[in-house]
Amino acid sequence: MIQVTELHKHYSVHRRPPGLWAAFRSVVRRPTEIVKAVDGISFSIEAGERVGFLGPNGAGKTTTLKVLSGLLFPTSGSALVAGHVPFRRETAFLRQITLVMGQKQQLLWDLPPSETFELNRALYEIPKTQFHETLAELTELLDLERVSKVPTRQLSLGERMKCELCAALLHRPKVLFLDEPTIGLDVSMQSALRGFVRAYNERFGATVLLTSHYMDDVLALCPRVIVIDKGRLRYDGKLADLTHTLRPEKRVAVRLSRAIEAADLDRFGKLTERGPDRVVFQVPQDALRDRVARVIAELPVADMTIEDPPLEEIMRDLFAAPASP
Amino acid sequence: MNAIFRALRALPTLLKVGVAEAVAYRAEFVIWLLTTTMPLVMLALWSEVAREGGPVGGFTGADFTAYFLASFIVRQLTGCWVAWDMNREIREGTISMRLLRPIHPLAAYAADNAAVLPMRLVLSLPIALAALYFAGRDHVTHDPAMLGLFCVTVAGAWLLSFSIMSIIGSLAFYIDSTLAVADLWFGLFFILSGYFVPIRLFPGWLQAAADALPFRAMLGLPVEELIGMQTRASALRGMAIEWAWVLTCWTGAVVLFNRGARKYSAYGA
Amino acid sequence: MARDVRYARLLGAQLRIAGLTSLQYRADFYTDAVMSVFWLAVNLAPLLVVYGHEKTLAGWSFPEALVVIGWFTVLKGILDGAVNPCLTAIVEHIRKGTLDFILLKPADAQFLISTAKLSPWRAVDVLGGLGVLVLAFVRLHRWPAPAALLSALLLLGAAVLLLYSLWILAVSVAFWVVKLDNLAFLFGSIFDAARWPIGVFRGIWRFLFTFVIPLAVLTTYPAMALLGTLALRTGLLAGLCALAFFAFARVVWGQAIGHYTSASS
């Protein structure tokens, strides 16, 4: 469905040292610098997949998304989405994709979202019956009954985001590009949105490419992740495998039935947390069974959970490590 | 009082940043330069009128040339767009950021607007001055005292322009159609300041009205001082009226803005 | 054929939205109407002063100059009512980075942005301009011949096309130079010179305003057409000029879109 080969996108920006004299000099002479937003990435996504695009700020995620949706043309390399070259912006291509950007909206500001829906119907030439069907479904799924007739400027951010999603999906696109869609939303709204995207993907088989800072988004939605840093690909594969490759350890959290004094708890594993009735160990994968058995045998265990290290930590590690050339 | 000292202390930095900003947007600056085309069009028009029908009310073609070139220079030196900036920032809520800073927003705006003057001077003055020179040496005043008065008048004109624009901008705290008011103002300015035609060519009653209003001080007065059409006495009289207006309008601007800001903070962005 | 039908339908949808949006701001009608009358007076004042001093200017009598001002007001009404709002909106979109959404829609971007907004209350300006035209002909003690009327309407079409193209050119520049709040103002200032018959300008100015920024096509030629003094050849050239500008503007627009880099996320 999506194929990216050796994609490069470079920008030239003006660099100006501070100071008044430098400012005046820049009137006549402007030194420019090349910024490599995307520096040679390749990946391929099948139809119906849900892929998370991760990376620190300025990594090139949004740029890649914009190239894939045809808003930017690549400096070099190629991109193919649904068999089309994005930047040609052919009508057939545009009808199959949608881009949702957090905190930026396509909804008309002064009018109710229902008017934007009507306009989109005309723009995408959606047949009347299909339009009403889709709108009914989306209204139900997103709970838009009360909000779609209120002028957009009077809606809260969460309500706007829901209407935004509806407007973006009226034409039943096959490819969804979501650029930080949950940014600024409260927790319940975030989880509602995630649920909705997942339902949409499962129902219609749409391909979803999501960029986000919130690890919860990725955990909930994306079995596969692509990690980008400084315009380069750092990881492409299953989320579970990422955890295992980078941090092949498990967290063993133990709740104790009574406080213990024992000082040398290190024999069970690396101690990461120690409270009056709770201890957390980090245990290498291969030694897990053995260590857990010993913990149960030697400590007054009331409750125990075994989990992966939090994704945030894994990401931090990934970005801290220098990129391989 | 403290506020004023603080503002004055910050002024050099504000100006420096303002100039750097003005310089950064080269094209925008050129466009601004180009928006002051009105005097040049008027120049063409009135020279043609004088050419065909002889001197108009004592103004020969050369007089018109001198007048409108001087008009161009003065307009470059005194034009202020703060009303539009304020209107936009109040509507979009970004004025909150200015209100949070320890510098009074009006001082910041003033620095911004003053900061563009060096660029404008550098780019427009040589051209206009050269043209003025060629149009007729006799058309620039040779009296050094008059030139001094001219500088003071221009400074007053800038302050007046800024104050009135601030008043109009502050209206955005109270009403919706601030831009219509700004438009109205410009319409009146267009006629009553001598921008479109020298005030001397008006019928008597209109001249008297124009003398009392602030518009003339913003353009007509300094222009006529520069090209030697004012005597020292009449110039001083005009300046007295001008600075009276400066005081009134500046106070008005500060009061209106402060009240508006308080109202704005009470009800939120 | 199918494409034309599609765009016709789309135009309908866009105009409906534009209409609804402007209805949201009903109060603007009163301010716009009052400002219209005010500006009409301001526009006529220079004319009155000039013609107070002499009978003809560059061969144009007072009623004839009124015809030029009449066209100027009509065109200004169209400019402020239909062209300006859209294109100021575009600069806003570029600034906020929401132009992306327009580019993502499966329809021509130039078409979409040109039909997005309206200030229908500016129709008052157009009516005022027509009023001035009527007044001018009353003073001339005659009415325009039907042929003159027709050619004037055609030239009005050419003038609107030209005005629109000049605006598209200006906006295309906005893609390269992002901070362009003064665009509308610059345009207004230059357009302002069109209130005078082109004969008033001499030398370099006349060349500039006839060939580089063809203000002559905007007001003087339609006025001459209405007065019956326009040579056929000049009229045809004016039409061609408008078409040429339109084509040129479209090319430049295409280039501008190609260079577009949206605002940071």
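Note that the chains take the letters A, B and C in the order they are written out, and that residue 1 is the start of every chain.
The rule is short, and it goes like this: contacts are C-beta pairs under 8 Å (C-beta built on N, C-alpha and C of every residue); 3 or more make two chains touch, one makes a residue touch a chain.
Predicted model, so just to flag it, every value in this text is computed and none were measured.
Of all chains, the one whose CA centroid is most distant from that of subunit C is A. Legend note: the chain whose CA centroid lies nearest the centroid of all displayed protein CA atoms is C.
Here the CA centre of subunit B is 28 Å from the CA centre of subunit C.
Distance between chain centres (mean CA atoms), subunit A to subunit C: 46 Å. The geometric centre of subunit A is 52 Å away from that of subunit B, both derived from CA atoms. If you check the complex, the residues on subunit C that touch subunit B are 27-28, 31-32, 35, 38-39, 42, 45-46, 49-50, 53-54, 56-58, 173, 176-177, 179-183, 185-186, 189-190, 192-193, 196, 200-202, 205.
Residues 25, 27-28, 31-32, 34-38, 41, 44-45, 48-49, 52-53, 56-57, 81, 84, 176-177, 180, 183-184, 187, 190-191, 196-197, 201-202 of subunit B touch subunit C in their complex. Only residues 6, 9-10, 12-14, 17, 20-21, 24-25, 96-98, 100-101, 103-107, 258, 260-262, 265 of subunit C touch subunit A when the two sit together in their complex. The touching residues of subunit A, counted against subunit C in their complex, run 11, 62, 66, 69-73, 89, 91, 94-95, 97-99, 101, 104-106, 108, 110-111, 115, 118-119, 122-125, 151, 179-180.
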